[in-house]
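Taking it in order: structure first as structure tokens, then the write-up.
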Amino acid sequence: MDYDPVCQIDRDPDDLVTINIGPTHPAMHGTLRVIAKTDGETIVSAEPEIGYLHRGVEKLGENFTYHQFIPLTDRMNYCSAIASNVAYEMAVEKLMGIKVPPKAQLVRTIMMELARIADHQVLVGILGVDLGALTPFFYLIIQREEIYDIFEWYNGARLTNTFGRIGGVNADLPDKFHEKWPTLRDTIRKANEETDALLTKNRIWLDRSVGVNAFSAEDALNWGFTGPCLRACGVKRDLRRDEPYMFYDQFDFKIPVGKHGDVFDRYMIRMEEMEESVKIIDQAYAMYQEMPEDAPLMAKVPKIIKPPEGECYHAIETPNGELGFWIRSDGSDKPYRIKIRPPCYMVYQAFGELVKGDMISDTIACLSSLNIIAGELDR
Amino acid sequence: MSLKERVQRCLGDDVIAITEYRGDLGIEVPKGNIVSVLTRLKEDETLGFDFLTDLFGVDNLDYYAKKKKKPKKKAAGEEELVEEEEDKGPPPPRFEVVYLLQALKTNERLQVKIRVPEDDMEVDTITTIWKAADWPEREAFDMFGFKFRGHHNLRRLLMWDEFEDHPLRKDYPLEGKGEERHLSYD
Amino acid sequence: MPKPVVKKEYPLTVRVYLIEIIKGLGLTWKHFVKNIRYSFRKGPHTVPTTWQYPEDRRPISPNFRGAHMLMLNDRGQELCVGCGMCARTCPAKCITVKRGKPAEGEEDRYAGKTCCEDFTIDMLRCIFCGFCEEACPKGAIVLGQGHELAEYTMEACIYDKARLLANYEAARAAGTLKPKPKKVPVDAPPPKAAAAKKSAAKAAPAARKAAKDANGAGKEAKSPEGDKK
Amino acid sequence: MGFQAYQGEGWLLTKAEQLINWGRSRSPWPFPYGTACCGIELMAALASSYDMARFGAERVGFSPRQCDVLIEAGTITKKMVPVLKTIYAQMAEPKWVIAVGACACTGGVFRTYSTQQGIGSIIPVDVFVPGCPPRPEGILYALLKLLDKIQEDHPLYKKRQEVAEALEAGK
């Protein structure tokens, strides 16, 4: 092994060629880096290197009050910030034993599912872009802008919403939602159909995605997969169904499950989940409309939040999988330790295993289909 | 049978302490037995904790010091002095490693904790049981300095390789000590 | 565990590339024709997808969290009393407030007994979370709609008091002042006996009515009060 | 030659400079370096609803060698600093930098051990864009501002000054 100072890698004396992909590479999404050893075009071993977006969120959380931490959760999974916000707020509410009013829970459900749709739309669009199909991205992003409009009218930000407060939500659903949702539902479905028409039966697309990075269910569980990547492997696990929170046990929705855990299955599961999310929003909205106008949106929460001593873990199903917060409180107004369990962290550590034996070009397809969000990965 | 009883029956004497808070069950086990404890929890038929959710370290540098101060504020006089003397004993070890387990069949969760003193930071690796522990162990090494015995690739994960401190320790300042990264070809 | 091998078996329609390609091209062509047709339509936003930015802007939400401004009340008096709550709540620590007393003969300019002598916001640090607005007891600092904030130097991005007041004047002239946020109804504390029961909060219309009365006390100071005297 | 002996800004030079500036400001080729949240808004600015290509930024390059404008959108951590330096060094002259968002400008809310407190101390930045993240309009506005700056540039005059300084230093 000779150390190469320019590439910062050990040169292999064998015939294997070491290739450094990233951190700045058109397909590595900004901050990811993979050091792959290849035999010709085939990857013999690949090791991901992370930490290029490590911003010290957990350390910062120990120095912030409980409310001040909410904006930081926005900046973790920035594709669906609302889901991260709600995950954190629910963890603190569990720590304090607060019961959130039902109407606030419905508002949260609706906004979270909208965020899920926006997240999956970005994923499918980017997956297309990385595999050479630019058009679906442009069609999907038009619908995503409509969803962002609702977020913006809700509390004034498109991406980093700082949604909700500990104990509930700080505003009712905006008028924009009431006026837009009936048409938006159809346009989301139409955009999905268009994407479907462009991709799902396209032979070029199928050749690049079917059977690429197939993964078995046992392996996936051993590596700690959650969310769509696990469901693509054929395990029917969804925290919305298995550990129901809010009103998810009252909604009627399917959990799509794949067969082989390849890129195509991950893509299909996301497409189907968007449909299911639309259904969930419809049901939640019907329940919401039955609530009285002045139903409470906030639980009674002290101004300065000081949870009693103790620790607890709470996780919810975000678009990427299980996002959990483990919080230890020492009775002061700042958490003693916050540990974030990001979903794509566990998925990405199996990356070397996933791409082993595939072509270099398949790493790009694999990475896009896993939906690795660097802000959540490195925290 | 409740989860608590099942865990106690499965582990027997290995359970040092049990905590329950807001429905989250946590057990403390001896440091040396962690691999066997987790294997038993995984393979026990009544428990079946077969999914590792997360693994991380905690630094309790001033946690117990803060705790002791509290009665002082409330009451004054001799009474609390007596209480404090009763409390006295060897302070608990500074670090903790927490394992979050999940049973997929029954949807139960369990926190397993071990205490790690500052002068002996070696912990057995559990990558032999779950591959999912690979990066979390590296991160715990990076952030706190635990040395996982038997881990195949114990390098820094989030910080760069030349970084020397362990940033999530409580005595490390938030804004750092002015470290900069320089590459050899700069 | 070896990786599963997936056999690629496509139906005939997929194996023949042409059908799908023609279908896809048809879809793009449909969008193309639609865009061309819409572009002849009259109105500010002529093309269905692209906003012609500097000339034709996308409407911005009335409660958008953009550039800050320091509010005045109806009589043109400054509302800020310099208490520094915003600076304390700010996660990014980008606000500096210096409390001062109004100079003699200038008491009319300020609504409170004290005022802020100096108020600077480092816009480059600010993360536009809106916590300062929520924390302010007087409703003096508000995040407006200004979103074109790019500057050539860092110094130009540090807003002082004069600039924040000018932001308010500009917003008032343009009529884009933020509407008063609605008060959020707060749940009443559950009765102690029913606290253990899970479904207590769901079926308690009486509790809701009580919440309505009690909401002023529980919620953080969110709505700008005290400006209309 | 008389051309070299003339020291002020002459008619010919000014017109040539205007022509060069016109050409440069009509075709800024951006290098979208989106590392975090701002990258998503940058994506929206490049996509169909806002369409940065209307200002000549048609060719979004992913190789720094063929780009003029480095749009740095997102946090730069200390681990990333050498990479950013390398990217900037690899870009061909003339090059401009837009720092999009609070993290890129000053580090924003992340005053921590691992975050670089602003890229201004590593590479020269031409336009700072506040916002966390800024709206796509904000990014387009920053690009327009940069184009204004390019149009007031004096490429030839600067070049001659550089040559003169280099000659002076060589003596």
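Residue numbering begins at 1 within each chain, and the chains themselves are lettered A, B, C and D in the order written.
The criterion applied here is as follows: contacts are C-beta pairs under 8 Å (C-beta built on N, C-alpha and C of every residue); 3 or more make two chains touch, one makes a residue touch a chain.
From a predicted model like this one, the values you see are computed outputs, not experimental measurements.
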Selected interface, B-D versus C-D, where C-beta contact pairs are more numerous: C-D
Approximate Å spacing (C-alpha centroids) for the pair subunit C, subunit D: 29
Chain centre separation (subunit B, subunit D; CA means) in Å: 47
Approximate Å spacing (C-alpha centroids) for the pair subunit B, subunit C: 40
Chain centre separation in whole Å, for subunit C relative to subunit A (CA means): 23
Per-residue multi-chain contacts in subunit D, two or more chains: 48-49, 79, 109, 111-114, 132, 135
Interface hub residues of subunit C, defined as touching at least two other chains: 49, 60, 91, 127-129
Multi-chain contact residues (two or more partners), subunit B: 158-160, 167, 174, 183
All chain pairs that touch each other: A-B, A-C, A-D, B-D, C-D
For the subunit D and subunit B complex, residues of the former touching the latter: 78-79, 81-82, 85, 111-114
Residue ranges of subunit B touching subunit A (in the complex, touch as defined): 21-24, 26, 50-54, 56, 58-59, 63, 66-67, 70, 98, 100, 104, 107, 109, 111, 130-132, 134-135, 156-160, 167-168, 174, 183-185
Contact footprint of subunit C on subunit D as seen in their complex: 48-51, 54, 102, 105-109, 111, 118, 120, 126-132, 134-135, 137-138, 140-142, 144-145, 149
Subunit D contact footprint on subunit B (complex, rising order): 158-160, 167, 172-177, 179-183, 186
List of subunit C residues in touch with subunit D within their complex: 49-54, 57-58, 60, 91-93, 122-129, 147-154, 157
